[in-house]
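One structure is given here, and the rest of the page talks about it.
Letters A, B, C and D name the chains as they come in the text, with residue numbers starting at 1 for each one.
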Amino acid sequence: MDKVMDMKEAIKKFVKDGDVVYIAGFTHLINFSAGHEIIRQKKKRLTLCRPTPDLILDQMIAAGCAQKVVFSWAGNPGVGSLRCFRRAVEQGVPNKIEIEEYTHFGMVARIHAGALNLPFIPLRSNIYSDLPKVNPNIKFIKCPFTHEKVSVVPALKPDVAIVHAQRSDKEGNAQIWGIIGDQKEAAYAAKKVILSVEEIVDEAVIRRDPNRTLIHNLVVDAVVEEPWAAHPSYVQGYYDRDNDFYLEWDKISREPELVEKYLEEWVYSVNDRREYVKKLGVEKIMKLQPKRFYSLPVDYGLYL
Amino acid sequence: MDYGRNELMVVTAARELRNGETVLVGVGLPNLACNLAKRLHAPKLVMIYESGVVGAKPSRLPLSIGDPCIVTNSESVCSMFEVFGYYLQPGRVDVGFLGGAQIDKFGNINTTVIGDYRKPKVRLPGSGGACDIAHLVKKILIITPHQKRRFVNKLDFLTSPGKQLKKEEESLETNKEVREIKVITDLCVLSLHNRYGELVVEKLHPKVTLEEVQENTGWKLKVSEELKTTPEPKKAEIRVLRELDPTRIYL
Amino acid sequence: MDKVMDMKEAIKKFVKDGDVVYIAGFTHLINFSAGHEIIRQKKKRLTLCRPTPDLILDQMIAAGCAQKVVFSWAGNPGVGSLRCFRRAVEQGVPNKIEIEEYTHFGMVARIHAGALNLPFIPLRSNIYSDLPKVNPNIKFIKCPFTHEKVSVVPALKPDVAIVHAQRSDKEGNAQIWGIIGDQKEAAYAAKKVILSVEEIVDEAVIRRDPNRTLIHNLVVDAVVEEPWAAHPSYVQGYYDRDNDFYLEWDKISREPELVEKYLEEWVYSVNDRREYVKKLGVEKIMKLQPKRFYSLPVDYGLYL
Amino acid sequence: MDYGRNELMVVTAARELRNGETVLVGVGLPNLACNLAKRLHAPKLVMIYESGVVGAKPSRLPLSIGDPCIVTNSESVCSMFEVFGYYLQPGRVDVGFLGGAQIDKFGNINTTVIGDYRKPKVRLPGSGGACDIAHLVKKILIITPHQKRRFVNKLDFLTSPGKQLKKEEESLETNKEVREIKVITDLCVLSLHNRYGELVVEKLHPKVTLEEVQENTGWKLKVSEELKTTPEPKKAEIRVLRELDPTRIYL
């Protein structure tokens, strides 16, 4: 019944070769710790789904974990190309990968439909684009009421979703603030859910603000207390995005050898996130610390 | 006052934004244009980021549209599905900023691939929200360098529709009227014009000739009958703009 | 540009005879103040939409404002019948009303689709029920991907939505905690939105916790500062549900004369909500006050 | 120990709830049954209210399922669309409590109308969430007084399906297997039984005869081959139950 475990155990238990894996997070809360552990455990033939693959999928693709990528925008945000992704698509290095692409709205609508257990969902997009020509999963139907033509996409129900949050209790009731992206939908759509958090807090902290709970423990299979799990992505109120690393990756990822070296140094030679953070060093940690800026409490009232 | 090419582009784009409009902000130059407009003539401009942040007041220049500085002190944060569903899809966003590797004369954009989709020469990032935005906003603004390889006669892939050529009678899109498209380059401003049914040169930047523009464009350009010269940036515009990007990341 | 006005002006300006009106709120935050003002202004031929009509529609029906009711559960929650609603449906008193009914899921899916500007939305219900036989708006289609049969309902886009919240700034950025019901969807689905709040707060209060903002000012047309607007419904943290009145209404509503008397005393003879609250009296006000029970603040971080 | 009819019904219903199950709670007797089970044999019972509250710890007995006391100190609050969409529709709710003015032998329920729909003798409240719940939970529990006008041979209106008779091959419903239905009355416990394809008498309450049950039922009842007597409430059950409803609102 106890869901609390470390990342090693969580990945071992819930990610299988060939799985459809959804690592959630739009810029914010991207679970690099889980991605690195998947690389260390040499998981293979994964179908990796994310609207924005970001550096984490770039690294997983370079490490040979991916068979297919389902996405909507494969770039290095604010910087440029995702070069390992491109090498795989353009040259089949280190292996050929299949791609399946949507618009952002299409991707989040798919995971939203998955969370709702709907077979499909309509959206007003796609109709004038070439995307439906290369993706048979973008179809068009007529509205049964207005007879308008509207595009539809199928639900996405990953085998595993990996989400990161600021905090949860040990059952996995998770609270998130800042950009919430696709975190909730991913958790509710997936068959298994690995939740990692910056801190596990007492149940009472969660219950003091139930409207803040984005993910209920019912859908959570593993709870991992993993501070700094998101670096070089960020956690609102806990640490800043490491923009320098996003710029640096642009250089590293130009050369397969440099990528190899990076993975060796920061993933394979590192046992877990604790070691990774130690390696990051005090200076980096201090530099990424924001100033405190608290919300005001709200009154729920005690009704006796 | 001296100004750079990017500064002129940003100022010109900013002037296209009106007070009270709602704009879907991209990073880089579009973000600068929005913040510039908000500090000068459009204090009631509502800035929406596709990351779900609405009514942002960024404390610094964000590198990405998901930066923590756009969240703190914003009016509202919602999920990504909600920002597309509750704001874009109901036509609540007036202006969308887009960019692209290729643009054709109808304002259609390619951000997907150079070469064949199945055997790409260059694999680009893909649509992101651009295709959705292009379907659903009232007005599209494009900021881009003016180069022949960008302004092409035929796109390798149509990611995001400009004029929405393949208009089908039964289609659902919110904005059925011909909507406004402005392309702001380092040479000129192109505008989708009802009369011509395609992009026409509307304004030439100071010291730029029509020939120079045509040389850098992959199709025979039409020119507005009321061709004007782009007004130079005012001192106040340049001053505020440089405050916004003090370390000259984009300028 | 200034949206702040009193309830009289808001109703006058935004509710027209014959309008489709959606007063939001599931048990919580039901805007009785707006309902009473609509009765006072003798609005006619309204199509009133609410999943749970509750006492507010019972009173509006009794006052002759309704031509049609769109709903999913027409009862007095925890008590029994909605007797004025029944008299109208069973006996055409005070006038015949048309009804259009759904399941709860169907109703909230309709307003959800309206908020999203989708023409329709699928849901997994209705198929074994008699409801589709009496409501042609519940249709069935085949999923274009899985070929399963699924029920669909059309979007609901009211002319006016009336929502109540704990607080907003004067532009109408509204924060709600406790049961959020259909408040957000109603606001985003409607052509015009009247927002009333217990308190108008400084913009800075809202911006300290942007994840708490449920309704953005973009969709709000009128902001009314109206303390106790929800009584006998309640506002989490501000005042309790007046369960005694819900029980009392069961008696009042048995006799059209008693209803008439109630409306005369508590609606027609009262100028506005301030007078209503005065009439409620100190004892009642004090009795409905919960004890303070605050959430804990969260840290958004200041990123400079 | 002395106990009332409602007390026996609530205790019997509570025993149907297992530890770790997720239950969609109704007000009144179902709410008492859930809270009783949670305090005794099912501390990990997850209580969901259709108002959007999940993991409630009510400080008092709520009159309605939207009471403020179920929010304060709960684990999570979501919108109504979300409670149906994220919990019920994906089959995350094990047990749903329903009630009704009429029940037939297949466990179908009418809460819509007595008489003709267009010319109602008695207009009832309607479905609410009941029809959705009946489509989507694994197990339905019904608590109701046993009266001939309620246990009818033919419903005036089928609001919420029991056995889901009109099963169509291409249908989407989550729970295609024959699911469990238990009807707990003040006379007996009826159960939907695979072998009979309809509700059968499974347990008779102490001192109740089969004849008495049949007299109050509008169809010829089948009886389980393993007919039992409902166990009497234990002291602890009655004690906790009375703590839950100290002013005897429902008991």
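Operating definition for what follows: a residue touches a chain if its C-beta (ideal position, glycine included) is under 8 Å from a C-beta of that chain, and two chains touch if they have at least 3 such contacts.
Owing to the predicted nature of the structure, the values given are computational and were not obtained by experimental measurement.
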| item | value |
| --- | --- |
| C-D against B-C, pair bridged by the larger set of C-beta contacts | C-D |
| Rounded Å distance between chain C and chain D, as computed from the means of their C-alpha atoms | 28 |
| Chain A and chain D, separation of their C-alpha mean positions in angstrom | 40 |
| Where chain B and chain D are represented by their mean Cα positions, the distance between them in whole Å | 57 |
| Per-residue multi-chain contacts in chain B, two or more chains | 53, 67-68, 71-72, 77, 85, 89, 172, 174 |
| Contacts with two or more other chains, residues of chain A listed in rising order | 117-119, 123-124, 143, 148, 150, 177-178, 180, 208, 211, 236, 240, 290, 293, 300-304 |
| Chains touching one another, given as label pairs in label order | A-B, A-C, A-D, B-C, C-D |
| List of chain C residues in touch with chain D within their complex | 26-28, 51-52, 71-75, 77-79, 81-82, 85-86, 89-90, 101-106, 108-109, 111-112, 123-131, 134, 142-143, 147-150, 177-185, 234, 236, 240-241, 243, 246, 290, 293 |
| Complex interface listing, chain B residues touching chain C | 22, 44, 46, 53-55, 57, 59-60, 67-69, 71-77, 85-87, 89-92, 172, 174 |
| Complex interface listing, chain B residues touching chain A | 27-28, 50-53, 62-68, 71-72, 77-81, 84-85, 88-89, 112, 117, 120-123, 125-132, 134-136, 157-161, 164-168, 170-174 |
| Residue ranges of chain A touching chain D (in the complex, touch as defined) | 1, 115-119, 173, 188, 203, 206-208, 210-211, 213, 216-219, 300-304 |
| Chain C contact footprint on chain A (complex, rising order) | 117-124, 137, 139, 141, 143-146, 148, 150, 152, 154, 166, 175, 177-178, 180, 205, 208-209, 211-212, 236-238, 240, 290-304 |
